[in-house]
Amino acid sequence: RHGDDKPEGGVEVARDVKIGVILGYTGPIESLTPDMAAGAELAMKEVNDSGAFMDGLKVTPVRGDTTCTDAQAATATTERLITSDKISAIVGGDCSGVTTAMLENVALANGVVMISPSATSPALTTVKDDGLFFRTAPSDARQGQVVTDILMDRGIKTAAMTYTNNDYGKGLADSIKANYTAAGGTITINIPHEDGKADYSAEVGSLAQAGGDILIVAGYLDQGGKGIIQTSLDNGAFDRFFMPDGMIGDSLPEAIGPALNGSIGDFPGTDSPGAATFQSMASDAGFKGDGPFAPESYDAAALIMLAMQKAKSTNSQDFKGYIEGIANAPGEKVYPGELGKALKMIDQGTEIDYVGASAVELVNGGESAGNYREIEVQNGENVTVKFR
Amino acid sequence: MNMRVIAVFALMGILLAIVGMVQSWNVAFNILNLCVISAIMTLGVNMQWGYAGLVNFGVMGFVAVGGLAAVVIAMPPVEAAWQAGGGRLMLGFGVMAVVIAVATAFWRMTKHRLSRRARYIIMAAILVLGYGLVRYITDAAVVAIEAVEPAKSGYLGGFGLPILLSWAVGAVVAGIVAMLVGRIALGLRSDYLAIATLGISEIMIYILKNEDWLARGVKNVSGLPRPVPYEIDLQQKAWLNQLAETSGQSLANASSIIVKLCYLSLFVAVLVGLFWLAEKALRAPWGRMMRAIRDNEVAAEAMGKDVKGRHLQIFILGSAVLGLAGAMLTTLDGQFTPHSYQPLRFTFLVWVMVIVGGSGNNYGAIIGGFIIWFFWIEAEPIGLWLMDALTAGLDADSPLRVHLLESAAHTRLMTMGVIMLLVLRFSPKGLIPEAKR
Amino acid sequence: MSFLIGKDMVAGYGGATILKGCTIGVEQGEIAVIVGPNGAGKSTAMRALFGLLDLTSGAVMMDGQDIGALKPQMRVQLGMGFVPQTANIFTELSVEENLEMGAFLHPDDFADAEEQVFELFPILREKRHQLAGELSGGQRQQVAVGRALMTEPKILMLDEPTAGVSPIVMDELFDRIIDIAHQGIAILMVEQNARQALEIADKGYVLVQGENRFTDSGKALLADREVRQTFLGG
Amino acid sequence: MVDIINALVLIANFIVVPGLTYGCQLGLGALGITMIYSVLRFSNFAHGEMMSFGAMTTILMTWWMQAQGISFGAVPTALFALPFGIVAVIALTLTADRLVFRYYRSIKAPPVTMLIVSMGLMFFLGGLIRFIIGPDDQNFFDGQRFIINARQFKEMTGLNEGLAIKTTQGMTLILAVLMVGFVFWFLRHTRTGKSMRAYANNEDLALLSGINPERVILVTWVITAFLVTLAGTLYGLDKSYKPFTYLSLLLPIFASAIVGGIGSPIGAILGGFVIAFSELTITFAYKRVLGYLLPQSLEPQGLMQLLSTDYKIALSFLILVLVLILKPTGIAGGKVI
Amino acid sequence: MISVKNLVKTFGGIRAVDGASMTIAEGSITGLIGPNGAGKTTLFNVVAGVYQPDAGQVMLGGDDITGLPPHELFHRGLLRTFQIAHEFGSLTVRENLMMVPSPQAGENLLNVWLRPRRIRTEEHSIAQKANDVLDFLQLAGLADEYAGNLSGGQKKLLELGRTMMVDARIVFLDEVGAGVNRTLLKTIGDAILRLNRERGYTFCMIEHDMDFIARLCAPVIVMAEGSVLAQGTAKEVKANPQVIEAYLGTGSRHRKQRA
């Protein structure tokens, strides 16, 4: 696991390409990141197995820890991966705070492409990024509209809401509230919850008293979000929930059981078969493909490699310009498991439209546009009932 | 004794040099910069604990206050937000000040005139009414401010002044906060004081997280102006291109190193200055008095030392240093993210630095900051390397090896723990113990 | 050879050697008293005898056996009881619990022994449920001695048992010590109330700078002009 | 009349039951902290991870039992796996003491050194646990979930409001009270217990009284192992097991121990209740309660919340600080057992 | 100089000081004796500001000093020693003495940073004084030892030494003699007399050594159960049957047997 000794830049003589997978393997979201990393690494393995990448170059993932909260540790790790391990691009970071720090303090200075699978903060839209920063996670603004549509179509006029107290949760909750109220709904109460805390009875108590036809839980499915749902069900505060993207995954209905039946949610994706394919690929590879941001991670890695292929270069400055074109129409649609095919098509000069596991569509200089599936839990499973 | 100081610092230099050569100089300087900031934090804690025996577990809060100062000083004001509710908010604060003034004046003036019960009741009434009034004024203002482009600003912004100024302001503001905290909590004994300060700092962080008008709360403020040039601007400069060429470095590398050196010189200047002041104080009768108070408060009090006053003094000074470090850190990060203020990172880790380095001793505090930060960052590659080495004999995809390498991130914690335990085992009083004078 | 004897003891703390080859011994049924200036090493000698401090050279023998290698708790089991000069009570335990800890090794006859202590120090009966740390200086001293008496020792070592106790209690205490000695117990005691102590002593040691300066019977030492002038305050 | 009962049930369901449970969970943790503090004289920051370790071994054992097809009907299997967890934690604590803490005791290191050392252990254990079981959420509850659930309650009583009590809540309450009683009695009234306090107070003098320090330390760790395993497992059963939460749990546990008065077993439980109930009662929205109690015309419009849950955790610390200002050594006047 | 009126101090149910009244005349060496637990130390602690009294009043000169914190009393010239030695364990013996004079210019941080010269001269003279005191107490050889490492008696000497570092108006000595070698105690007695005569110190001392009391003190106040039992010269007090009953006793059994 030593980097090649040739200095970077200039003619590409490297035998392999390294891509950093920089996520919070320790810290508050440590339980999400293994699946995310596995997603990204699955894409790399697929590319390697195809043998079609840049005349047989191999891609190696290099993991680095952001801790999710400690910007200093995240920058140091990124610095090390870029300058010492000589990675050519980054899948990461995860939490918006550390992602911004990594971008502004290291990636930008070194001119390295970063695709974050999970940072959703609107502030990242406008950050000065030299065209180097992208994300495959959809922005909150669009989701607020989708949530409102789903609720209104089902005639749900009042809702209580709680969000995880970070930029993702807060941004999403703000957006839902604005859209929903404008559409004539009432948010009876809107309160944050902290992830990883010991007890959520107080939050649930308040939510229950405010009441509402449904409880919107804008959190993470294996963090506080789950705690809130569990507690609400336990003391009979709510029996129906709305679950935005962070809450959708098989593990939740599994853990909660039949009580979750009838709850609804939304999740990025089109009617494309991408998500399902990815899920079965993931379970073959031994990880959960439906966890929050695992598909996005796969897509982030895939986009990087496809763009490299198109630019015929692993230098970020060369390939950063191709990422958006590959992600968006027009072109041949590409799904998970078809990366090898896609690489060959690129070589042949065929235009491609990477759909991937999360139906990425990049807008606004590098954000996911976001198509959504409407989910309903039926018989202990997340079932897609509609596309929006 | 002196030999030991030199040896330990030399060791530290060698470690950094190894990182520079094996990994990269950028990594080495990145670590060094944070070592220096950590050392300033440990100086602050060491003043409180090492000199005076005060257990301040509120490090996190004071560092955050310093960071907030950086935002308030350096960010440009958000005109629209000021128009939307700035005036009203300020009015609210004005009213708050008046309420507090009235309450204290009432409390002072009625000391011997009214019955205790009447005093309490009227006081409570004043406070409740005042609180209501203030909330009435500010709530609307806050809503208005936070509604101004919530995705991008939604706060008042700052004063748009040079960010270096915030270092001093951060120190002063942290000092003022410390004065308030100290008045409440300093009467408590060690463990109680520890948890009380920790609690108060949690409260401070919660305010920062939830009061969006102040610094955007959990939505973070990023893109703070820098006191040093940007790498990409440097990369346009002819002299740097030349330099990079002659030294054989890539342009990106060279520019990053230059930026880091700029920061480093600022940080080192602060550290040296503080060190000089602290060392002077510790060696003066002032330091002797502080140590006496630490040893035995009752006796010190009987020897004419105003123990309470001195505790407050050192609490304020130490916290101001923490505030300064906080502002420096935020400057270096270029962003302010309330989420990152976790007890583990800012309270526990800094305490580990102080104890491992050797409390009551400024050299010790500094080296503790250096060593522990170094391993905090390098534990990850060390752990990874360890796992790799340990399992080298195993088949490349034997399940054990795969599992071990997969969980390698957690070796970061384990390595950190083991290093701490080893260091404290072999020098239980810290790397550089308190010197006898 | 005495029942308990520390022979040619050399010991110290870290760098400094405090005991420079002093010898101290006591017979069963006998009272031996150590006197000397402050810092002479009296307490250090006691601690060394008890194994709280390692000897650099010399030996500690009890009943003809070398007990130098035994840990303090083992010596307690052999029947040594000790009242240190400072930190000699459990401040956070009640008076009664202090006594109970004294009887830790023989809990069966606790009630009797406790009764005896209460008879000797009546004030402790009143204060039995109070924390020992809240007592007055003299009361603490009484608790300390009481705790040691509870261990039912074969040899009782007391480091300044009368410091801070009132005259009436001091007299009682000395009387009691004589009684105990009459039961065949060996008593070794450091005292600054030297004249009263030497009066009842069978043997007296004057320790100066870690060495034996004078050794004689209590009476003889009291009679010695030089000893009185330089060590007993005239 | 029915309205009043409805209001009471509402309060019971959303405040009393969760408050009691959470309070007991904190209290059990705090009891362990207090145990170590009062005998070994340091604040054990590895406590959360020890709880996590105990829960983890219990989970592994539970899985094994479930795999063997062993089950106990309505009673959670974990309860039977608990003894194995305890044995494992005893082994852990004794090893940790042997390899780590013993040395610092022997050189009479000051309490903060011990505290920092325990942080080192915390890091190590944290890593080890994630290494073994991973950072994920683990659900290991089986058996009957509710003693009574909200719907059953409504049907039974015909009231508007439901009351739910989970099996784990019942278990937690009973076990916590038993453990506190036991520890209090043990330290207060047994000879071993008293000798532990004596050792803590004055080690040298304890030696002189014939108390064997090795034994005292052994007993302390064994009891602590009982406490941490029980606390960790009950917490994991009631909420769910996830390594990271045990780190977050550390702060409220310490807060409980301190509010109650560190060193006092009764204080530990009291402190747990103060922290738990202060969060619940002050952030609770009393709208519906008042709706039942007040005549229709006065029915409140707002949520009738004293403080938003935004500040829930800050609030528990605020209470902590207030208690300490009024009673600087905690409610039960700590340090004295 | 000091007058105490109806002082009461309780701990829970225990009335440690129970309505004690006394005056300590300017320039006197007043002895305070009484059985263990009579409340002597507690009285000292109340007068010296360590405890707040539950009732009663303490006057120094003409001023009411009830409840003033100890450090202010120090500045008014009231010094005290502790029965159970309160040394500064991690300071050296010399530093223990040097920290006493208050206020020192070097205790002000601005002076520390801006006027090093002034501090140096000040330190020089304080060190000089400390060395003199150490010589007197026969502790000179231990000047650079940590005070925590002193023997029991040496710590008591250090307690006394601290009061000799500054010019006090009144000094409260709580059993300075306990644990101190009797020959040395005689010298200390001489010093107390000298300080009293030459420098006009007022002393109030608790002691159980009646010879020592008789040599130095006039008057002698006897406390019992929290209040004053008797007062007079040493001789009068010794002859007082109540005092004999409560405090002095009638001598030891064995002595009587032998006599």
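All chains are identified by letter, namely A, B, C, D and E, in their written order; residue positions are counted from 1 within each chain.
The criterion applied here is as follows: a contact is a pair of C-beta atoms (placed from the backbone, for glycine too) under 8 Å apart; a residue touches a chain by one contact, two chains touch by 3 or more.
Just so we're clear, the structure is a prediction, and the values are computed from it rather than from any experiment.
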item	value
Third chains touching both chain C and chain B	D, E
Both-way neighbours, i.e. chains that touch chain E and touch chain A	B
Contact-graph separation of chain A and chain B, given in steps at minimum	1
Taking each chain's C-alpha mean as its centre, the one farthest from chain C	A
Pair of chains joined by more contacts [C-beta pairs], C-D or C-E	C-E
Interchain centroid distance [CA atoms averaged], chain B/chain E, Å	46
Gap in Å, rounded to a whole number, between the CA centres of chain D and chain A	36
Interchain centroid distance [CA atoms averaged], chain A/chain C, Å	76
Distance between chain centroids, defined by C-alpha means - chain D, chain E (Å)	49
Overlap residues in chain E, where contacts from two or more other chains coincide	none
Per-residue multi-chain contacts in chain B, two or more chains	210, 410, 412-413
Numbers and ranges of chain D residues touching at least 2 other chains	130, 134-135, 247, 310, 313
All touching chain pairs, where touch follows the definition stated at the start	A-B, A-D, B-D, B-E, C-D, C-E
Residue numbers on chain D that touch chain A, as the complex places them	13-15, 17-19, 22, 25-26, 130, 134-137, 139, 149-151, 162, 164, 166, 235, 239-240, 242-245, 247-249, 252, 276, 279-280, 283-289, 303, 305, 308-310, 312-313
Residue ranges of chain C touching chain D (in the complex, touch as defined)	50, 52, 71-73, 76-77, 81-82, 84, 87-93, 97, 100-102, 104-105, 107, 131, 147-148, 151
Residue ranges of chain A in contact with chain D within the complex	26-28, 30-31, 34, 165, 189, 191-194, 196-199, 201-206, 208-211, 222, 226-227, 230-231, 234-237, 251, 255
Residue numbers on chain D that touch chain B, as the complex places them	37, 43, 45, 100, 103-104, 107, 109, 111-113, 116-117, 119-128, 130-131, 134-135, 247, 251, 254-255, 258, 262, 310-311, 313-314, 317-318, 320-321, 324-325, 328-330
Touch list for chain C against partner chain E, complex	13, 36-39, 42-44, 85-86, 123, 130, 134-139, 141-142, 159-160, 163-172, 174-175, 178, 192-195, 199-200, 229-234
